[in-house]
Amino acid sequence: MAVAAARLPSPGGLRGLARNETLRNRVIVAGLLLLGVAYPFFYRMIPSAIPAPDLNNLIVMSYYAILALGLNIVVGFAGLLDLGYVAFFAIGAYTAAFLSSPHFDIHLTWWIVVWVAVAIAALSGILLGAPTLRLRGDYLAIVTLGFGEIVPLVFRNLPGDITGANQGIRPIDPPTIPLAGPWGDQLSFSNSNLQLALYLVLALLVFSYWLCQRMRDSRLGRAWMAIREDETAAASMGINTVNTKLLAFALGASLSGFAGAFVGAYQTAIFPESFRFSISITILVVVILGGMGSLRGAVVGAFALQYVNLTFLRWVGQYVNPPLNSVGRSTGIEFLENFVLHSYNFLIFGIVLVVMMVVRPEGLLPTRERKAELHGIGVAAEETAATADEVATHETALEEAGEAVTIEDLPPEDQKRDR
Amino acid sequence: MDLEQFAVILSIGLFNGLIVALVAIGYTLVYGIIELINFAHGDVFMLGTLLTYFGLVAILPGFGVEASLISALALIPFIMVITAVINASIERVAYRPLRNAPRLAPLISAIGMSFILQNVGIILLGPSPKAVPSVLPNDPLIVMPGGRTLISLNEVVVGAVTIPLLLALAYFVTSTRQGKAMRATAQDREAAGLMGINVNRTISQTFLIGGALAGAAGFVVALFLGQAWWFFGFPFGLLAFTSAVLGGIGNITGAALGGIVLGLVKSISDFYIEARWTNVIVFSILIIVLVFRPTGLLGAKQAEGA
Amino acid sequence: MLELHDVHAYYGNIHALKGVSLTVDEGEVVTLIGSNGAGKSTTLKTISGLLRPRLGEVRFEDGVLNAVPPHQIVSLGISQSPEGRRVFPRMTVAENLEMGAFQRTADATLQEDFKRVYRLFPRLEERRSQRAGTLSGGEQQMLAIGRALMAKPRLLLLDEPSMGLAPVLVELIFDIIRTINQQGTTILLVEQNALMALGVAGRGYILQTGQIVLADSADRLRQNDDVRKAYLGG
Amino acid sequence: MKLRNLGALSAAVLIVASACTQSGAPATGGAPATGGQPSAGGGEKGTITVWSSLPRQGSSKGQTDTIVNAIKLALEERNNQAGGYTIEYVDGDDSTAEAGQWTEAKEIENATNASSDPDVVGYLGTFNSGAAAVSIPINCRAGLVMISPANTYPGLTKPGKGEEGEPDNFYPDGCKHNYFRVIPADDLQGLAGAKWAKQLGFKKVYVIDDSQLYGKGIADVFRAEAPGQELEVVGNDSILGTETDYISLAQKVQQAAPDLVYFGGITQQNAGQLWRDIKDAMPDVAMMGPDGIAEQAFLDAAAEAAEGTYTTFGGLPAEELEGEGAEFVSTFKERFGDLEPYTAYGYEAANVLLDAIERASARNPTDNAQLRAFVLEEVANTKDYQGALGTWSFDQNGDTTLTQMSGSQVVDGEFVFQDIIE
Amino acid sequence: MTDIRPDPDPSGPGSEQLREAVSTPTTGVPAQGSDPVFEARGVTKRFGGLLAVSEVDFTIPRGAIVSLIGPNGAGKTTFFNMITGLYRPTSGQIRFDGRDLTGLKPHEVVRAGIGRTFQNIRLFGNMSAVDNVLVGLHHRLKGRWWEAILRPPSIVAEEKRAFDEAERLLAFVGLEGKTHITARNLAYGDQRRLEIARALATEPKLLLLDEPTAGMNPEETRRLTDFVRRLRSDLGLTVLLIEHDMQVVMGISDRVTVLDHGERIAEGSPDTVRRDARVIEAYLGSGAAAGVGTH
């Protein structure tokens, strides 16, 4: 025990380390942002031999990152499996559509609408959560899945003059900033100006990230994690688990509303068909791929997944498809003749997911805790009721032998708290 | 209200429900033994419809056998064996290495398998639904006084395939040595190992059984609905999975009950409301049931320690 | 009968057993004593195949058990009543016992063994068709031991049979352990309750941080000052 | 602190940068991701790009394969040249394998990528009317002309025929009408269906739609026109297309006892299953649908249940084409095999665009942006065009002046032309 | 409830609150007997047909250390769970410090001043030691979610104070220097200690310890027993124990209550209980009566 204590850095030292980390992280974030801001000016000069994403792809990646950050609050922080996250996305997008389109002839400015969308998504998170959050684990998962199916269906099935039915709602007013003088009359942040739309979504992403980071490093964040770890114990420590879980649902949903309001305005059109189950699954996959509970993981996961989906596979396909097609033509194998690589994106995702889970289940950028849970320090062989005691058992054995795993034993990159 | 019509609708719902029950049991068995929502299960069922299609249009003619109800029925064991092996292989490849990983890891891997199987379906069958040769006559069998058919021959075949399978499964699980081993493994895997139960083999067995049932369900659907389609896994899987949860996931009787209940709900909603509202109704019922009975209709109450 | 030779075992990269060597001879009761985390349960898991030793050898009679899977070890004649009882809660008492005899298919002597267990634990016979999860802690412990006996083991591994039991039951369980041994079953007993354990055992090993630090007859261990201080509370 | 400074900085950069790009040419867009026909030689005026955006996966693939081939044939016949430009062709896909049909996200992506690339002067598409509703505004803002070989939803062009506010809301902010189609719209097809039903002697009809833009639109017209054709609408239903079966729905239809079931929808919305289940319940009922089911995929899905099905088509079937059209049909058959209903329309759309490029080029545009604007004007000026479909013009809405409709019936597993419906 | 104020002098073993408790005369050692801080009247819990706890009356004098013993399945844990709000009693009343606790939610019970540990340690395994304690401090902190985002100075200061308080609590239980170790990587004994620190952070007046010595060797057990005594003497806490180790029970308790089959079969001083015939029969056995005990 004494050995372990002596090897530990002082708390002050640790905090100092944390400060350095923050500084480094900020420099990295600033660098990435600058790259994002500059990208529209030079990306067309990138030779086609390099699979660089175009602006639309970047925008899709960014709003998926926002969605993933939101779901990460629910799944990663609070440990609640939500399979119907797309519902809140739909609600956010529809709110934006109702409030700034000819549909009801309401044309509020997007800068107000986005906050209404956030509020309504959060509210629906509470409405769904209130009766169902006492369900445990997989039951909650299926209820949320059901909710995710119901919401778009209701938008689709209700009469057209209420929700636009299957035709959706269009055109939705894009976010604009009025301008005067030589620059024209306004700046429009939609798909008619991808550069501005990119800046808007990047700003939203940075804001969302900042929100999540602040929440995680607070009393609330600790309460979420405590619930994730052991709900009964958390309640016995004075945490109002119901309210805290509701808050996770509401705040997670609100980020989804954020992304929804952006997507509606960016695409200037929304359709109930866009909000399928596969979106919920894709976002969940992003969160897990990135590393549950990890904010950087959620962002990197979203960018990686959508990059592969939208850019990389097509790029590879340029080289792979033609030879395969000609082989198909000469051999008469229809499958090869019509082979288009990117149309098998979900096949490729499927393989990636399975391989990833088998090889690296903690995700691309896991939090320190998750990594510890899954590899190396303190891995219990069995997930049985006795796990905690088991691990404690073996740890005791080690510690008494002077082999306790301390923070210093971890490789340097593991020392920071992914924060 | 037209009672005869209502009876017809109930009968349609019942037979639909039996098929759903077969798929639902696959979910519940796997959930019971390794607490995993096996997302790929619906797609294994889909492969069952595919195999039936190929069996009838390619394999049987290949052997010079005419596709008929009898020759089709002879396909069942082969289809069940193939889907069983596929399901068990999925477990071997995608779930077993994750036996000790956190809960979400096998779930994601299951989603991955589901994507893979769907694409296999697309590659094998193409993107559009394909009509399965109709070998299942729908001649009326029980006709009501008003002249409407209550039960037709094809429904009887559905019942004749599904009900014995359900009963055989119930017998297997409650009364055979292997069935008990399955239950023991589900309740405490490590202790089961200490009893001399080969845990890995028992889990494989569970997947084999689930896969075989899915294959049988795929066969029945392919014949009964007359289509094979790569997309089938999703709507059927969703319905079956919902049934399993509705009945209390992990509980075999519950899954069967849930399947039949949802079959009835679906046919009633399709007829009396509108098909496009059916999923809304199904999921609303699910949510309401779970809010009032958080572990499903027949789910075990939370164990209360004293 | 059983011999562990320099066994090393790991959980992930935690070195849990660091060269454990011990022997159990036919007919003995041997106890393994140690504090929480010393590696007692790990040793039993290594014997019953739930954990593979990375180094060293586990020998039972003439065979090496290192790579034998758990279900085959049972058929070789070793069965275990695990720590925390681990009965199958939603199966009946009789079904639990049946599971204990899983490796012995349709053995004619099976009914004999049911009778033997019911003789040892009359309470279990009263509750044969009750679900195990509804039994009290003591009854569950009896069931766990009875279930292990159903495998007709020559070597019985008992992991913390007295844990969480009322003193009155602890005495009862230890009486039964004695009886089982007298009926001819060799026993390796892991216990926290060192006093009681040394009371039934002929020999004992003291395990500390994954290593055997002391091995002696039960009497002498009881006299040992260090042992008294650390494990006997006196 | 750092973050906050950075935020201010990036905001400033953002305003300046976007102000620049507002006035200048858009600095955005994507390199064509899919390979096109390699240019032979290269025209003296440089290379321009033509996009098509069609569902290249899913069950419309059979149709769109032939359309793409027809476009390629049209290009080949001109040696990939028009008006001195070399034409690069991008075969855009607005579907995903997973959806099995077009998706909004993909269509938006295509339109966004095409319209933001200044070298793109024409956008052939879309196949589905819903997709057009998404991409018209995007292309309209960018002044990019669209010619669809297959969209039939009336509201895209015709005031008063679609939803309220249509078609004006497809052309936002007063952008120039940029959308044209070589196929007659569904107000005509729905009417044609009703007329034909009367001619065939049906009295009671049950109308089902697939709750999509195209299908619901056509079913609505059919319902509205039915009374005028002495048809009684005895029932109404909407499906989603993802249901597992329609057995209960078939019961409902049976109870209403129609002699004709009309389905407004497409094969990909589970038409095959619908047909089978209705035929199971009512073997003798007649069934009719629009061109959305007039394809091989429908026959594959419905099999024997398809037998006897009546389909209407907003134009003429390939075998009824004459002159240039007949020539095209034989060339195509030789090169690529069988035609689908829309094949000739794809060929016509491509040729109309290429002719417009020739005329626009003759006006000597200063840059590709001006060329794009000229092409739009020239497409709108297409009058008395003599093409594969006959002689026709675009009217002021962008619709073809052709109004001939044809009716076919499935006989022995094939669509057999029956009648021209005027 | 005491606010967490900045501590000008962090030299002491506990925070201001902790020292305040020591110097508060009303909670001094051992002012027990007259003033029941906790009172259960006719508490009953039924699970379906099973009567787990039946008509139990139970009082704890202020400042006392009271043990609850009984055979496995006697209803001890059920009783515990009713006190802490995990179960709602079927009938009966639970009063604490002048308040009716019956049917309150667990977090409300904690806020009323009852803290607990668990039989099978339930720490937040993947959180650091200090974060575990900070969770215990949760209900004493004021930061709302929007404040978590905006971080006004008051919240920054509150977090800082909470962190200091948590470190002091860790030191108090002997975990100084282990602030940032992930809980699951702590030694078994340290986990027990951390659980107590976490419970103390909830600022309880009554601390419930569920088999705190389970899995400890005699030496560790002795240290823990001393520590429990210190909780009372230094912090003025009232303690309720569930314990199987009779040596601990007899050595530490002011009073012992014995449950069997959900009923209270004996109550009184350790000596009285030890000699009670029903207790010997149902629980202790003859060996214990003869003084052998389990250890």
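For reference, chains read A, B, C, D and E in written order, and residue numbers begin at 1 within each chain.
In this section, a contact is a pair of C-beta atoms (placed from the backbone, for glycine too) under 8 Å apart; a residue touches a chain by one contact, two chains touch by 3 or more.
Fair warning: this is a prediction, and the values are worked out from it, not measured in the lab.
Asker: Trace the shortest sequence of touching chains from chain C to chain E and report its length in steps.
Answerer: 1
Asker: Provide the labels of all chains in contact with chain B and in contact with chain D.
Answerer: In this structure, the chains that contact chain D and also chain B are A.
Asker: Select the chain whose centre, defined as the mean of its C-alpha atoms, is least distant from the mean of all protein C-alpha atoms.
Answerer: That would be A.
Asker: What chain is the most remote from chain B, judged by the mean position of CA atoms in each chain?
Answerer: If we average the C-alpha coordinates per chain, E ends up farthest from chain B.
Asker: Roughly how far is chain C from chain D, going centre to centre by Cα mean, in whole Å?
Answerer: 75
Asker: Centroid of chain D to centroid of chain E, CA atoms only: how many Å?
Answerer: Going by mean C-alpha positions, chain D sits 73 Å from chain E.
Asker: At what distance in angstrom does the C-alpha mean of chain C lie from that of chain A?
Answerer: 49
Asker: Nearest whole angstrom, what separates the Cα centre of chain A from the Cα centre of chain B?
Answerer: Between these chains, centre-to-centre, one finds 32 Å.
Asker: Return the residues of chain A touching two or more other chains; collapse runs of consecutive numbers into ranges.
Answerer: 153, 156-157, 344, 346, 373, 377-378, 380-381, 385, 389, 391-393, 395-396, 400 - these are the residues of chain A that touch more than one other chain.
Asker: Quick check on chain E: which residues sit in contact with 2+ other chains?
Answerer: Residues 50, 73, 187-188, 215.
Asker: Got the chain D residues that touch at least 2 other chains?
Answerer: Within chain D, residues 57, 61, 97-98, 211, 238, 240 contact more than one other chain.
Asker: Provide the residue numbers of chain B that touch chain C in the complex, in ascending order.
Answerer: Interface residues on the chain B side: 177, 180-181, 183-184, 187-188, 190-199, 300, 303, 306.
Asker: Sort out for me which residues of chain E touch chain C in the complex.
Answerer: Result: residues 50, 70-73, 187-188, 211, 214-222, 244, 246-247, 280-288, 292-295 of chain E touch chain C.
Asker: Using the touch definition up top, name the residues of chain E that touch chain A in the complex.
Answerer: 84-86, 105-107, 110-111, 116, 118, 120-127, 131, 134-136, 138-141, 143, 145, 147-149, 151, 155, 159, 162, 167, 176-182, 184-189, 191, 198-199, 201-202, 215
Asker: In the complex, go through chain B and note every residue touching chain A.
Answerer: Against chain A, the touching part of chain B is residues 31, 35, 37, 93-94, 97-98, 100-109, 111-116, 118-120, 123, 189-190, 234, 238, 241-242, 245, 249, 276-277, 279-280, 282-284, 286-287, 290-291, 294-296.
Asker: Chain B touches which residues of chain C in the complex?
Answerer: Listed in rising order, the residues are 48-50, 69-75, 79-80, 82, 86-91, 95, 98-100, 102-103, 105, 133, 136, 147-148, 151.
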